[in-house]
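Here you go, one structure.
Note that the chains are named A, B and C in the order they appear, and that numbering of residues resets to 1 at the start of each chain.
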Amino acid sequence: MILAADPLLVDGIDLTVVLIVLLKAGVAFALLLVAVMLVIWFERKLISDMQNRIGPALAGPWGILQTLADGIKLFFKEDLLPTRADRVVFRLAPYLSIIPAFVAFAIVPVGGDFSDGGDGTVSMFGRSTFLQVADPPVGVLFFLALSAVAVYGVMLAGWSSGSKYPLLGSVRASAQMISYEAALGLAIATVFLSSGSLSTHDIVVGQSATTWNVLATGIVPFGIFLIAGTAELNRPPFDLVEAEQELVGGFHTEYSSIRFALFFLSEFMNMITMSAIAVTLFLGGPAGPIVTQRVAWVWPLFWFFLKVMAFLFTFVWLRATLPRFRYDQLMDLGWKVLIPAALGWFLLIATLDVAADLGWPTIPVVIVGVLVLWGGASLLSGAVRKAQAERLEEADRGADETAGSASGLGEA
Amino acid sequence: MEVAVFIVSAVVVLSGALGVLLARNPVHAALFLVQTLFGVAVLFVLLDATFLAAVQVMVYAGAIVILFLFVIMLLGVDRADDLGIEPIAGQRPLAAVVGMSLAGLLATVLLVAVDGLTGAPAGTPIGDAGDNTRRLGEALFTDMVFAVELTAILLTVAVVGAVALARRLSGPMQPLPVVAIAEVDDDPDEATGDDS
Amino acid sequence: MIAALTTPYVAWWALVPLITFAVAGFLLLTVASLVRRLPAVLAPAWTAVAGLGVLLYLVPMWSRVGRDGADSFLAGTVGVDRSSIFVTGILAVAVIAAALISRDYLPREDLPGVELYVLLLMSAAGGVVMASANDLIVLFLGLEILSIAVYVLAALHLRRIESQEAALKYFLLGAFSSAFLLYGIALVYGATGSTNMVRISAFLAQNVLVDDAMLLAGLGLLLVGLGFKVAVVPFHAWTPDVYQGAPTPVVAWMAAGVKAAGFAALMRVFVLTLGTYVSDWRPAFQVIAAATVLAGAVVAVVQTDVKRMLAYSSIVHAGFILVGLQAATDRGNSSVLAYLAVYAFLTVGSFAVVTVVSGTGDASHGLDAYRGMGRRHPALAGVFTVLLLGQAGIPFTGGFVVKLGVLAAAVDGGAYWLAGVAMLAAAVAAFVYLRLLVAMYLEEVPSGTETSGAVPLGALVVAVASAVIVLVVGLVPGPLLDLARDAVPVLVAG
């Protein structure tokens, strides 16, 4: 049974190893909790700035302890359980939401020297190890699997509340998450193609040897990943899940107190994890110049968190800037644009790989590839247009037929 | 270690499977199914098939059961069914007999063949955990390439079928059948099944 | 970096039928999704041409296999031999017939769209895969392509609730049987270490299993799974309901195509792959065959709905084919193939007539609709008469020739009692067809039923052509029997 290629685990497992693993897990846990606290504050403060408000300012310096205050308040609130709720599932759902959020972070390499062919091992209590909690050989799939599981939290929370708004919110959420997971996965598949591995550690190593994947895969998958990732996180402009005007609060309407806090936490934690994964897959993870040799181990950590911050800023920026999508637009974007685009790009990159391998000339291959993609795209758009025209025609005819016949009640 | 993991995940798998059968509420049954699938994923990890484990969770737990839940929730059948009525008389005892005999058959197979279960030489192992993704990919492009290509047709058929069935026609529908009760029939569920 | 993979050898010439069906389906789908208001005749014509093309291509393929011998390719997962070509031919005929019948059926029922033809072509592709699979997984995939397409086809009469009901029943039972089949494949794999039929048969030929419980269990489950598809007793319960509810052209395809592919699969799996275990599975086959012919014939007699009647008669036919199959000899195999061929013509012809008689709404299937047909539609009634006599196995029709073939094969193998039972059942079943004939010729037209107008061309062509072929085979059986005799199924290592 091989769980990881970490050099720590290669030479058998003794007490030190166990302690190191526990330490890493504990640090990651604490780090995430603190980070979430700060990110919530960061988001509120940043949005206030963008909207010419002050934002939280009273708790602690610059209001930095605001989240803590909110947390304590939530903790002391009454824990409500709706009468029509499914008790077991209602209690289970928040944990299904937060545990994947925590666990997914385990595969992210947060530090270690990857420059000059370094493989990112650091020395810890005399053992060499990676600065990530685990490095399973199918690391990125592990992340995708967990993000698939995270859907359950949302879905079951809405269903078990026994109330219609949460149910609608959760059905929306899970439809959205499943739809965009496909685009997300296809974008990541391009990364596999250029890195030749599923392990996050190997992907980072591969990027430090050549170029970062954001360039190696030709930017498009990165863009798709960002969009699909935002949708996967249910963040604006894809936050239909909790559209207040339509659904009150979405799937967590009936939740209060600590359970609500768990959902809140997991939402932001997912945001951090998604940023960290994006950094790992596309931006070389902790790679970056080692500026001073004295505390060299700090620099990878610094670069890593700097890149993550950039993503977090983008997410907040998007929220402050963009209006919410309409639901059909959301689905159109996911199914008719992002998935075909990601798939087409994947095929193109694969073709180029094969061409390079077989020594075919690059430029004709690119031209033919682009032409084929263009042909596919025009076929798709032609079919979509034809279907739309047909539907409109059908609707007209239907309207003519039912005009006059009294029944105004559709099946809701 | 391996034995311990095996026992734990076996318990998880089996209790999940039992839960699927015994849960009154369809949503709970679906959740037990997820539990079973997770247990199976752990068994895959135990067998060094990490890729399969991840795909198992992604595809089954992440997509298929979600869709089950979707249907259950949207159709509003998420309440416990009244199982008191037996639509076809004698069906349940018969089902019990058939089910027991099938279970008995398989149990006999396992018990009779304790040490010579396969009789066949064990296949070559598919490589260590890091390598089995590659080996799987190679198998898909060499030995199993035809099966992979066929899957394309299969999926197209499924998509075409789904779209064709989801279509709503304008214009009149056929009237419902005028109940075929008078018909002499060998099939007992015909009389009760047509009242929709 | 791409590791140097040696990609398997592909005999493209042998894949042409499969590719033709699949690509024809894909192209039709693409065109239909881009062009509004396709001419109504395009899709059926396209489908029929694809079927005809395959049929014509099979001629050079047949002689090539005769010259070079059977072949196996794509890492030994697909094979080509004359039996698979023969079955492919039957499938092509069934596709053409179903397309021709549908040509007037869909406009009559005011059903838009080309899905019926697309799914028909795709399910034919699945059938071709089943007929030429050399690997249990490939066989399963072919079966699923075929079945899933047919489940949807059964529901395609979107204006009839019975059609949906039929599809649902078929789907549930079919999915259940697929699970049995998969379980069987898994157990056989466990027992023999391979899913490749060639390797399984080689393994079983060279080794004697100390403990074959697992193999036998797998074998039983395979039988259950495939038995559902070809509808033999006790796995037949879906047949009457599905035949009754599904759109009639689809039923023609179901009865002719699906059954041919299913029996081809049964032959490949049991006779070829598990031939060494023939003494274990033959008794089961014999019991099932006897039960099938008897139950089918007896229950058919009491039906009042013609589609149900024909459904039970198709069960009887399945039993007869099984009678030939259980012999597990060359003679048995060729009798099975000949039976499948003649049965395909009999059944598509019959259902073509049923389609015409059913009238708008595809609803009038009672015996009433047939009363007095001899006076209203003498030509159609005449054709139907030939087809019914063929189904009954009256001498000088193809039905007699092939029934004789399977019985001879059974007697050859020493299964006298089975041959006796089958003959008894044939006599009982003949009564069913006689009843229809009586209704057509000797009973009065019930008042109120109006004579329907002209008979649509497509269905007429199918009905007449099948009747002619059935007669010709009955009078000059030599060519068909020779073809069937030459169509030896073999498994070759790739």
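Quick note on the criterion: a contact is a pair of C-beta atoms (placed from the backbone, for glycine too) under 8 Å apart; a residue touches a chain by one contact, two chains touch by 3 or more.
Fair warning: this is a prediction, and the values are worked out from it, not measured in the lab.
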A-C or B-C - the one linked by more C-beta pairs in contact: B-C
Innermost chain, where centres are averages of C-alpha coordinates: B
Chain B-chain C separation of Cα centroids, rounded to whole Å: 27
Where chain A and chain C are represented by their mean Cα positions, the distance between them in whole Å: 50
Residues of chain C touching chain A in the complex: 1-2, 30, 33-36
Touching residues on chain B, where the partner in the complex is chain C: 105-106, 108-109, 112-113, 116-123, 134, 138, 141-147, 150-151, 153-154, 156-158, 160-161, 163-165, 167, 169, 171-174, 176-177, 183-184, 186-187, 190, 193-194, 196
Complex contacts: residues of chain A adjacent to chain B: 1-3, 5, 86, 88-89, 136-138, 141-142, 144-145, 147-149, 151-152, 155-156, 159, 167, 170-171, 174-175, 178, 181, 198-199, 394, 397-398, 401
Of chain B, residues touching chain A in the complex: 1-2, 5, 25, 27-28, 31, 34, 45-46, 48, 50-51, 53-55, 57-58, 61-63, 66-67, 69-70, 73-74, 78, 128-130, 133, 170
Touching residues on chain A, where the partner in the complex is chain C: 196, 353-354, 357, 379, 382-383, 386-387, 389-390
